[in-house]
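Next come two complexes, and both contain chain A; in the first it sits with chain B, in the second with chain C.
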Partner chain A sequence: MEKNIGLYICTGCSIGDSIDVEKLGNIAKNSLKIPVVKSHFAMCGKEGVELIKNDIKNEGVNTVVIAACSPRIKYEEFDFPGCIVERSPLRELAVWTQEDPEERQLAAEDYVKMHVIKAQKGDLPEPYMMETVKTILVIGGGISGMTSALQAANAGYQVVLVEKEAQLGGFANKLYKVVPAAMGEYSEPLIVDSDIADTVKAVESNQNITVYKSAKVEKTDGQPGAYDVTISSNGNSEVVKIGSIVLAAGWRPYDATKLEHLGYGVSKDVVTNIELEGIAKNNGGRILRPSDGKEAKKVAFIQCAGQRDPNHLPYCSAMCCTTSLKQARYVTQNSDATAMILYKDIRTPGRLEYYYKAAQNDPAVMMTKGDVTSVTDAGNGNLHVEMENSLLGEKVKIEADLVVLATGVVPATADDPILNLQYKQGPGLPDLELFDGFADSNFICFQYETRRTGVYAAGCVRQPMNMSEAQEDATGAALKAIQSAEHVAAGIAVHPRAWDMTYPDPFMQRCTSCKRCTEECPFGAIDEDEKGTPFYKPGRCRRCATCMGACPERIVSFKDYHVDMIGSMMKNVSVPSDDDKPRIIVLACENDAYPAIDTAALKHMKIDSAVRIIQLRCLGSTNLVWIADALSRGVDGMLLLGCKFGENYQCHFAKGSELADYRLSKVQETLGRLQLEAERVQMIQLAIDEYDNVPRIIGDFVERVKEIGPNPFKGF
Partner chain B sequence: MAEQVISPDLNFVKDIIASGGESLKKCYQCSTCTVVCNVTPDDKPFPRKEMMYAQWGMKDKLVSNPDIWLCHQCSDCTAYCPRGAKPGEVLNAVRKLSIRHVSMVPLFARIVQDPKLIWLLFAIPIALFFVFMPHKSLEFIRFDDKMVYHMFAPAEPHMYAPFVLKMIFGLTAVFSILSALTGIKRLWSGMKAQAGDVKSGGNLTGDIISSAKTIFAHSKFADCNVNRLRQWGHLLLVYSFVGLSISGIWALIYSYLFNFTGPYPFTDPMKLLSQASMLAFIAGIVIILYNRFAQAGKAGMGSYFDWIFLTIVSGIGATGILALALRLANVSAGYAAFYLHVVFVWLLLAYAPYSKFAHLFYRTTAMVFARHTNRES
Partner chain C sequence: MPDVNRILVIGGGFSGLTTAVDAAETGAEVIVIEKNSYLGGRVAQLNKYFPKLCPPICGLEINFKRIKTNANITFHTMAEVESVSGGPGNYTVTVKLNPRYVNDNCTACDACAQACTAERPNEFNFGMNTTKAAYLPFNQAFPQKYVIDSSYCKGDCAKACKDACKYNAVDLDMKPGTITLNVGSIVVATGWNPYDADKLDILGFGKVKNVITNMMMERLASPTGPTAGKILRPSDGKPAQNIAFVQCAGSRDESHLPFCSYICCLASLKQTTYIREQNLESKATIFYIDIRTPGKYEKFYWKVKDDPNVSFIKGKVADIVQEQGSDDVIVTAEDMMTNKKVRMKFDMVVLATGMEPAGASKKIAGVKYNENGFALPDSGIYPAGCTKNPMDVARSAQDSTGAVLKALSKANSSGQGR
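Presenting the complex of A and B:
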């Protein structure tokens, strides 16, 4: 498109007082050759916006560069459909963070220049349109899956529900009683019948829901909005078109045969919590010992039977404490029976604390903390539970006639891909070992998200949880699945760039099929054809541009984001000829690092005048050519600010910052070729709440670069 | 420590709850109680572990546990308990069960401890003394137109009644002493069995003397915070009981050795002692009652077991003072007051090793034991 750029400099928020706006305007007019340059004391106000709109209408301006505040604010005011809009954050990066008036002016000039270049290099995005369906596939017919199905169906979406068992209901079917719902204190009855049958009925009678029982997902092919899911049920296979997926495949109890030290498999009277449900259910609530059928009078519950133990399940299973408190009531229905709960810690989050308190008040429910070491034969037909570090004394044996092991939750995804994705990167969800096999992600920012766009996890397959939490989870995941189907249909990305209409558009003639992109894409969006040539499934793409950073041929670009665009911005940064004044380029991730800089600016913290900051979609989009180009132009150093990565990653694209770090380790070679010190380029992990550290981190880096000395390429 | 096998006794838990320890189950073992307790030994402090034993119905661990008696129910633990588990009240309930456990005649323990038997508690002495001191005779008895309680009798000869009274009280005292000795012996051997191979100090007499010193000085009470005031109330009560006992024996000596019978003149040293004791008694009981009500929010209201004991003690005082006043006013209703006074005194004496009064014996025993086994110095 023929660009007609208009530059609008805001003089409000003390920009006009600290910067020579006239000089700025003259530079834009004379050296950047911008036809329309205007300023206003409140560009975001009605008058300012009208001014821009008027120019669009009457002056033919179609590319608007607003030199005012951060792009993270006022985006609703500065929304001009049909125009490219670029924001130059003079207020934050020049006025508020620069102390010296001269440096402030220089920074303002640089930032205007950089963003004008950016606008010149960009193009107007168009959405990626394809034929889509909005049908939601729910995998798992337990409480989570059924809730998701009902929620989505009630919101008007077609739902396909796949359940591996012959009937719906999941674990709730196996329970004798459940914990009642309560808003505050719990009162009798403390165990009630589950209403799972009603939910099953609601699902089976819902016209929007198609249920496949005794079924599994054989294959998931395609992409969000256009999945081809092969469902096999009772020997028949069927391919169903699916828009997005809720993964609610649930869990299974931990294999108790691995708990021989707790007597399982040794004594018949050692059972798991799930088995106890069966005993109660089959005997009308009476707890009968498996060995002799006598009613149990002294029942010991061993909490954390494998959980929070690095040799078994390293995590807390969240539901077993409440389950044992509930099952203790099965026992104490018999007025002369006692339930003894032996725990490491009782964990009853939220309102369940009241359930714990209610159990405490029952004289027949006895609880104590300690480490259970073994369960042995007492010699009189009963069992001895041995405990160490017990609150009852140093080492005790507790006599019980029945021992219940409160075994934990193993997610269905622990050893089964479930989805059977036909993706180059494999059939299951990647990197689940970070979450002990659960289909989880960094939960603060990414509830229900998985590393496969369009697949949202809910219930115990995501995290160990109880039934009411699972219902909440299922509702959330259903909403995410709906969003995903809708966004793909509208040709825009999903979280975290949920507004983004651009998509990767590679120049395939120059592709060498090196496959770096297929390997590095955090979302498995790139598959390969028979010849091994990569191709995109744009519906899977989250637009992080990691592929753009990975590509050695630099062929991946987005309409408003490409290698040349960012490279050109860097090339237009002023490099002071003075040896004492280094120039450093900071590449900051838009998700954490850049907002942290924004916050530091908002707090009027001062940032070293040596830096020029460029916002990236994700540090994963950093192409090494930028570093080579910038340094060969005389820039003294580059600082990459990205999200935390590793086990507790905060990267919004899961792998971006980690990949940037990995690539930087390879930059040595490039720098060596230029005979530059490797320390001139550094990556630092910065969380969004670490804004206080921004001036220090940047200041320290500038100091280090000063110590190294000026870039020898300066002035070439 | 030897490995213990635990087999909880649900009935014991229910007993504690029924005995005023209804908050027992709230304890979540944070141990704030042992931290704030000023009277516990530093090693294996109470009442945290006792709360656990109680929750788990570990009767053997509790009924013969010297620690439950080392507790003076300052109620600091109860005041600071974040969960409202009231360890002070729970230990009080456990002490009640301990008294029952070591009692020579469990029926007596039941009568004084079970609220449902309160009628029987009072019916026995009321009937007993009604037989020997019928109200009908009240109006006829005048000795030189003066009221004389000790001649108070159902029929001729006049001397019969005092003899029968003395016989009843004498036998009751023997019963009480036997009960107390049995209880002490059982408690001691129970504590010894519980303590296992704990080394004993050797000098039992010295331990008894040092315990007695602590008791008479009330120095343990001084460590209390919440029930600080009680130190003085209890001190006054103890000394008033001592004074009244001495004056009682003194009166017996007067009447048997010197044939000097009452009413005694107010100038008599024996009478002076008893009057002083009476004043101390009034002051003591007022302080104790005031403290109970004032601290009820922090320390709890106490149980039936406490209140029946306080009722008997207050009853003795009230009826005694009333009888004296009525005698001085020469109102013959004084005989009725005296009759009730005798009822209350008998209640105190007969149930001494079964009611809360038993703490005199058992706390002392526990204090001696604790010193003897170096649990306390």
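Presenting the complex of A and C:
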């Protein structure tokens, strides 16, 4: 677009008092050739905003550069639809953080130049349009999958449901009774029939839902909005167009044969909690011993069987305490039978505490804390359960005629990719090792975010949970799937840049097929064509620009973000000729590090005058050419401030900051070629709440660069 | 007829914000009503989240950005819903807007606070310090606008703060107002309050100087808190090095909150890491009934348990008193594992007070509640997060996203017909 730039300098909030605004305006007019340059004592006020609107209307201004405060504030006032809007935060980065009047002026001049260049280099976004469908694929026909399917169908979306078994219902089919829904105290009956049959009927009779039974997802090809999913069912294969996916493939019980020490396989009368459901269901509620068919009178429940145990499942399966409390009721339906629950901790969070309390009030249900060490044949047809550290004593032996092992949940994704994604990066979800095989998210705040756009996990494949939690979870996943399908159809990104209409637009003629983008993209958005050339699938892309950072040929660009844009900003940073005055460029993640700097400024903390700060979408977009170019024109050092990485990563794009760090380890070579010290470039992890450390972190880095000495390229 | 795709979200805490952004990003028009002067609710006061020990403001910042970039969302701070009438697809809601005394001209330049001479107790820090009567609620508050607590304004200083503002942002004549909204469905996300520790007689809060609550501990550990993040005990400002955590303080207790508050075990485990990180010699003792760390949180429990300076005693605390002649605290409990009474001395005691739903103290006319004050779903009205059941932030996020789909389906009963 033909740009007509207007520069609007605010003189309020002490900007006018501490900066020579006239001089700033003259630089803009004379050396930057900005046709319209205006100032106002409160640009964000009604009058100031009107001034800008008037220029847009009457002077043809279509690119507005506001030299005032941080983009984190006054966003409503400075919103001019149809125009490129660029904010140069003079107040925060020059006025509030700089003490020396001369340095302040220099900083203001640099920041105005940098942001004018940025505006000149940018363009208005255009959405990426492709042919899409909004059909939602739900993998798994248990309670989670059926809930997702019904919720999406009721919202008016077409749903394809794939179930591996011959019938819908999943584990709920196997249950004798379930815990009743209660909004407060529980009252009798404490075990009720499940309504799974009604749910199955609702799914099968819903016109928006197509059900495939005895079916499997063979292949998931394509991208959100345009997946080609191959479903095989009873020997037939079919390719279905899909918009987004709910992964509700569920769980299986932990293999109890590994629990020999708890008597499983040693005695027939040691069963799992799932097997107990079968016993009750098949015998009209009577608990009959597998060994002799006699009614069990004294049943011991061993909690955390193979769970919370480094040798088995390290996690807690969340549902087993309540399950055993429920199953104790199966036992005590027989008036002369007792149940004993042997636990490490009873875990009935929230309102489930009432359910626990109801069991505590039942004299036929006994509970004790302890560590079960063994289950052995008592010699009289019964079993001995031995415990240590129990409430009943240091070492105790309990006799039972049936032992139930509360075994845990193993997610379907633990050893099967399920989705069978045809992605260069592999068929399953990445990061599963962080969650013991669960298709979970590493984000606390954004539960459905994984590293595969358009795929949202729900129910026990995501985390261990009970049935009512699974239903809530499935509803959330359905919403995210709908959202993704809608966003891709409209050509907009999904979380965390759900407003972003730009997309990566690589100039493929210059691609050398080095495949760094393919490898580094945190979301697997780039595959390869038959010749091995990277092939973008924009529907999978989250717009972090990691590919832009990875590309040695610098061919990846977005309308409003590209290598040349940031590179040009850097070229407009002044480099003092004085050897005692280093110049350092700080690249800061706009999501966390920049808000931290902004907050330090709000507190009027002082930041070393050597630095110029540039916001990046994500540190993953850092292209090494920026570093080489900046250092070769005399910039003394570069500091990258990005999110924490590692197991508990905080990067909103999962891998961005880690990749930036990785790339920096490779930059040494380049620096070596320039005969520069590697220490001139450093990355530091900075969380958003560490703003009080910002002046020290920057100050320390400046000191280190001073110790190294001036960049020998200075002045060239 | 109201716009059928319009959703009201009552509460701008984590659940409400999640609901709002997810609904707006699915195309709905959303109005958020928040009683505080800032968005973010309870989590804005937290120092770190378990189990990642990451700062809550990180996720809030992303949600604020989603609000800033989405024209579908409007929000009102310092606002309270007075009543709800009508039915699914067509609710009428009256909202009271309390005066902020600072208008949208505010640039957050701090001039009013600098001119202000009056101080007020800082409720954000549970009264452990003060702010000026003209103040920014906290450093990273959103919206980034000052607020004036007029109840602390002195007669003569009003002019000073008004004159200090060059942008005519201070308006001490602002009056409360009322607005009426028409919406298709409602999500109630009014959240929770820490259970009133004054009601826990035997646990000494309010009587024993160095007994604090877990929420106060969050503020003490926070770099933005009253002690700039140093965990100092209230009585004498001495670094607290030997701290007891009393679990189920008011929770799982028939006389107080009969339910389990879900987060307190994990919160205390997390808080042990705060003190352990600050001082190598520090010690923590957790008195508990059951340690409840469901699902993957078990591993966080292990991590804390592996620390030799953190010990666990299964047993309910019977008594907390101040040691004669010192500010130290004596805790008496029965160790259920040994059946022995223990009497131990600590620098400071943290009560893991539970989660009382906002509906226990303040009900919205037109919304249904259970006997504890948890909101109940009703055709067209959906509770989300801790409004309906105690849960942690992760579950609140998940639950609130689910509430969106229910509210959307109800707001637009004709369906979107794809």
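By our rule, the second predicted complex is superposed on the first by the 699 of 716 C-alpha atoms of A that agree within 3 Å, B and C clash if a C-alpha of one lies under 4 Å from a C-alpha of the other, contacts with A are read in each partner's own complex, and residues count from 1 in each chain.
One rule holds for everything that comes next: a residue touches a chain if its C-beta (ideal position, glycine included) is under 8 Å from a C-beta of that chain, and two chains touch if they have at least 3 such contacts.
Small disclaimer: the values here were computed from a predicted structure and weren't measured.
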Three-chain arrangement built on chain A, chain B and chain C clash or fit: clash
Touched partner set for A:I607, first chain B, second chain C, both or neither: neither
Partner chain(s) touched by A:K298 [first = chain B, second = chain C, both, neither]: first
Which of chain B and chain C A:E399 touches, first, second, both or neither: first
Which superposed partner A:L391 touches (first chain B, second chain C, both, neither): both
Partner chain in contact with A:K369 - chain B first, chain C second, else both or neither: both
First, second, both or neither for A:V575, with chain B first and chain C second: neither
Which of chain B and chain C A:T338 touches, first, second, both or neither: first
Which partner reaches more residues of chain A (counting touched residues only), chain B or chain C: C
First, second, both or neither for A:I73, with chain B first and chain C second: second
Chain B versus chain C as contact partner of A:C316, first or second or both or neither: second
Clash with chain C, by chain B stretch, listed 9-17, 27-35, 99-107 or 189-197: 27-35
Contact residues common to both interfaces of chain A (with chain B and with chain C): 357, 369, 391
Residue numbers on chain A that touch chain B, as the complex places them: 298, 336-338, 340, 357, 360-369, 384, 391-399
In the complex, chain C residues that touch chain A: 14, 18, 21-22, 25-27, 49, 52-55, 57-63, 65-66, 68-70, 105, 107-110, 139-140, 144, 166-167, 222-224, 228, 252, 258-262, 290-299, 302, 314, 336-337, 370-372, 374, 376, 389-391, 393-395, 397-406, 408-409, 415-418
Chain A - residues contacting chain C, complex: 12-14, 41-42, 44-45, 69, 72-76, 134, 151-152, 154-158, 183-185, 308, 314-318, 345-354, 357, 369, 389, 391, 435-436, 438, 440, 442-448, 463-465, 469, 472-476, 478-480, 482-483, 486-487, 495-496, 498-499, 591-592, 595, 599, 602-604, 644, 648, 650, 652, 687-692
Contacting residues of chain B [partner chain A, same complex]: 1, 3-8, 10, 13-14, 17, 25-26, 28-29, 49, 52-53, 55-58
